[in-house]
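Consider the two complexes below, in which chain A is the common component and chain B and chain C are the respective partners.
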Partner chain A sequence: MEISYWNKEAETMERAQLARLQLKLLRETVEAALATPFYAHRLKKCGISSARDIKSLADLARIPFTTKDDLREGYPYGLLAVSLEEVVRLHTSSGTTGIPTVIYHTKADLDNWTDLVARCIVATGATRRDVFQNMMTYGLFTGGLGLHYGAERVGLTVIPVGGGNTKRQIQLMKDFRSTVVHATPSYMLHIASKLPEYGLKISDLCLKKGYLGAEPYSENTRKKVEELFHIDVYNSYGLSEMNGPGVSFECVYKNGMHIWEDTYLTEIIDPKTGEPVTEEQEGEVVFTNLKRRATPLLRYRTRDVAFLYKDDCPCGRTHRRLSRITGRTDDMLIINGVNVFPSQVEEVVMRIPEVGTNYQIYVEKDGALDKLIVKVEIYSKMFTGDLSALDALKEKIKDELRASIVINPAVELHEPGSLPVFEGKAQRVVDSRPKL
Partner chain B sequence: MRINQISVFLENTKGRLFEVCSVLGQHKINMRALTIAESQDFGVLRIVVDKPAEAVKILKENGFVTSLTDIVAVEVDDRPGGLAHILEVLSKEDINVEYMYGFVEKALEKALLVFRFDDPDRAISTLTKNKIRVIKKEEIINL
Partner chain C sequence: MAKQLNIFVENRPGRVKSIAEALCAGNINIKVFTIQDRGDFGLMKIIADKPEAAYLLLAEKGFASAQKEILAISVKDKPGNLARLTGVLLEHKINILDAHGDVVGTGKQGICYLELDLKDLGVAKGLLEKEGFHVLSDEELYEI
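This part shows the complex of A and B:
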């Protein structure tokens, strides 16, 4: 198999040399972190007041974990390590409640992120002769922009179409002979189901590769998409707290995703104890971003569950490989690639006076795509007998949910006492989707 | 004169309408007029009954979301153009009908129409002025 590298020196670096580099970068990151109010306080409490307190990579264990709640508490400036003049972009994502989280980037941060994405693209064998149709959402969501800049840097012809509008997607694929696409697995299945409607066959398209991510899927779904489109599917993983896509990506061997360990210091921990798991065991993935200077994050708990492969990859890259994400250690839902916390839905519906005390969240498949249904009980005292008032209420709940969780839910109104009553909020969620 | 209409919120589940009617039946409450306004996944049942206050109490006790709305019931000759005449009168006075429904009272050979107006009092005086008979509360009970 032909192996190409974007940065061969970095990608095939000896492990010992990589470890030395990581230690140097970890010290720099701790130094940067100490400039933020959040870490200055937290690191000093555990006896780290300068980079000199980090003597070896083992000292990483002295640093407490950082969680999404920490980011929320630090919102908006608590984790900013540089002056705003240095910041060239920010991405926010929804927190577990109404307060979002924010990640800032300097020019150098974006440059490094783009370079990592370029590595991913080249690792799959794509070249500047490819036409890249980016069907991932642009904007605050990092999926679209992350791949966009990486693909431009490699020199692919980028079609920045963004998410949705299947008819246009298919038209573009056909007219510009797109060879590489970036999407969620559900969306690819949706496109496959729509092709006949537009009178097209797979052979009318020129697709060769699909970069699929933003939602977990199985090996079977990879095979299904590969067979449906006659393409190679590469698994992609990232999260906005670690810049976005480009954290880890599959190479031509498609046997796990190389984590760019010269940027992402990776641990797999037991989510209950916080202790490292033994080799190749499944656990929660924890990352330290070693390169980002605007928002340094140390030992960030992703809540994603996966494991690291032990064996070497025939591609020659020395960076270890992450397995598929097999689950979450929290109750986050991924709906058409968008992360949604049940607590966000609760916060929205419970602040609307016409809504009673009970609600339920249903997640279903509608064709290949996910559908979110929020069922709420109406508050009987607010009932006027007016049908249009009820329709308006439904629209209001929809609008407020859309503003908070960035996806379009269906809302159902129910009579008080008609929805099942539960103790914990987890049981309010009914997810009937078959695993992808 | 204004008459009470009962509105009942109905979610789109099997047998829910039956349950409302059955509860009212058990308590010897007689329905005079009925209509259902429906949306995608729920509806509002609108009924005129002989004993509205009692009906609301019973429905609430049985867990139904209900409310009372003022409506105006009008008698109209059961012949072609009967309704058109009434609507013409209302339209001339610029009175808005939010919704309406009708039912035929066999014994009287008249049709009864139920109107929901945004300004019921003005509607009543306009109708009366134009010699259109507005049904009284007691009449609904004794129909």
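This part shows the complex of A and C:
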């Protein structure tokens, strides 16, 4: 197997040296974090008022976890550690309510992020001779731009098509002989199902590699996509709070995703106790971003469940590997790669006066893609008896949901009292999708 | 003026039956009904002999319904009458929100039911009567 590195020194750094580097960067990060109102308050409460209070990596345990709720409460500027003049970009992502979370980046932050993505791309064996079709959504969602800049840095020919429009995707793939694609696994399956419609076979395409992420999938789905397209599929994992893609990625051995530990200090904890799990045990992934200066995040709870592989990887990289994500410790749904919290849906539908007190969320497969159906009961007292008002209500619910959760739901109106009544939020969600 | 009940119904088996049964239990007679379909739901429009009682009964059963005043106009069963009727409304720029009509029995007399904007109702009634149409009173309608 041919092994290539983007930054061999960093990627193959001795563990002891890596730990020393992590400690140095952790101190810098704590210092940066202390400049934010949020961390200044929180860190001082646990006796950390300067970087000097971090004596070893073990002191990390003294720092409280940071959660999505913390980010929401700090929205929009509570976790900004530099002046806005230094900020060159921001990304927001879905919060558990209508308030999103925001991550700011300085020029150096983006530079480092791009470099990490470049490592990922080179680790899969892609080179500047490859044509990279980026089918992830651009914009506030980090998947598109993250891989885009990384691929440009390595020198691949980038086609920044973005998500959706399958016909155009297939046309571009064929005309420009795309060799590497970036997409969600369900979108790849969708494309495979559409090829015959356009009179094309896999052999008409030149695909070699697929970078699949933004939604969890199994080894079986990897094999299925690999067999359908005759390509190698590499698993990609990231989250906007940790920049986005480029947190961890598979190398040519396709056996777990290397986490770039010189940027992402990684812990796996028991979500109930917050204590570290024993080696190779599954738990919630917790990251500290060691390099980002605009929005430092310490011990961020991802709510993703996974484990770390113990053994070394034959590729020579010393950075440990993360398993596939096997679940969540919260009720977040991933719909066509977009994160959606049931509470976001609830907040939207419950503030519409024509909607009754009950609703349900259905997630189904529509072909290879996901479909979100929001069922609401109409409110008798607000019912005018006009069809046009009902049509307008449906559109209004759709519009407001689209604004909040960024995906297009189907909305169904139901009779008062016709939907099942539930105590808990989670029971309102019916997810009938088979696991990918 | 005649009253119509507009009822929200889901499009699934048994819904019309449960409305019919609810009204039957209250000894209410349905004179006319139509359903407007919107895929997953529809609007059932009912003219019953006891509109107020029907409304309360359905509300009690949990149905979302609304009372609408409509015009029920007696129209001779001859070519050109509907054109004449709607012509009067057009002349005065009155828009019809919804309408249904039928010819009952062998009497060669039809009834046209018009749903109009609330503000147009009185005006339209006057215009149609002036044109020679007979607008049915509540009692006449419920006696059909």
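Structure notes:
Operating definition for what follows: the second predicted complex is superposed on the first by the 436 of 436 C-alpha atoms of A that agree within 3 Å, B and C clash if a C-alpha of one lies under 4 Å from a C-alpha of the other, contacts with A are read in each partner's own complex, and residues count from 1 in each chain.
In the analysis below, contacts are C-beta pairs under 8 Å (C-beta built on N, C-alpha and C of every residue); 3 or more make two chains touch, one makes a residue touch a chain.
Only a predicted model underlies this, so the values are computations on that prediction, with no experimental measurement involved.
If you put the two complexes together on chain A, you find that chain B and chain C bump into each other. Of the two partner chains, both chain B and chain C are touched by A:417. When the two structures are aligned on the shared chain, A:384 is found in touch with chain B and with chain C.
Contacts of A:197 after superposition on the shared chain: neither chain B nor chain C is touched.
Within the superposed three-chain model, A:395 lies out of touch with both chain B and chain C [touch as defined at top].
In the superposition on chain A, the residues of chain A contacting both chain B and chain C are 378, 380, 383-387, 390-391, 412-418. Contact residues on chain A toward chain B in their complex (touch as defined above): 378, 380, 383-387, 390-391, 394, 412-418.
Chain C meets chain A in the complex at residues 5-10, 15, 36, 38, 40-41, 43, 59, 62-68, 97-98. Those residues of chain B that touch chain A in the shared complex are 5, 7, 9-11, 13, 37, 39, 41-44, 46, 60, 63-69.
Those residues of chain A whose C-beta lies close enough to touch chain C in the complex are 378-380, 383-387, 390-391, 412-418.
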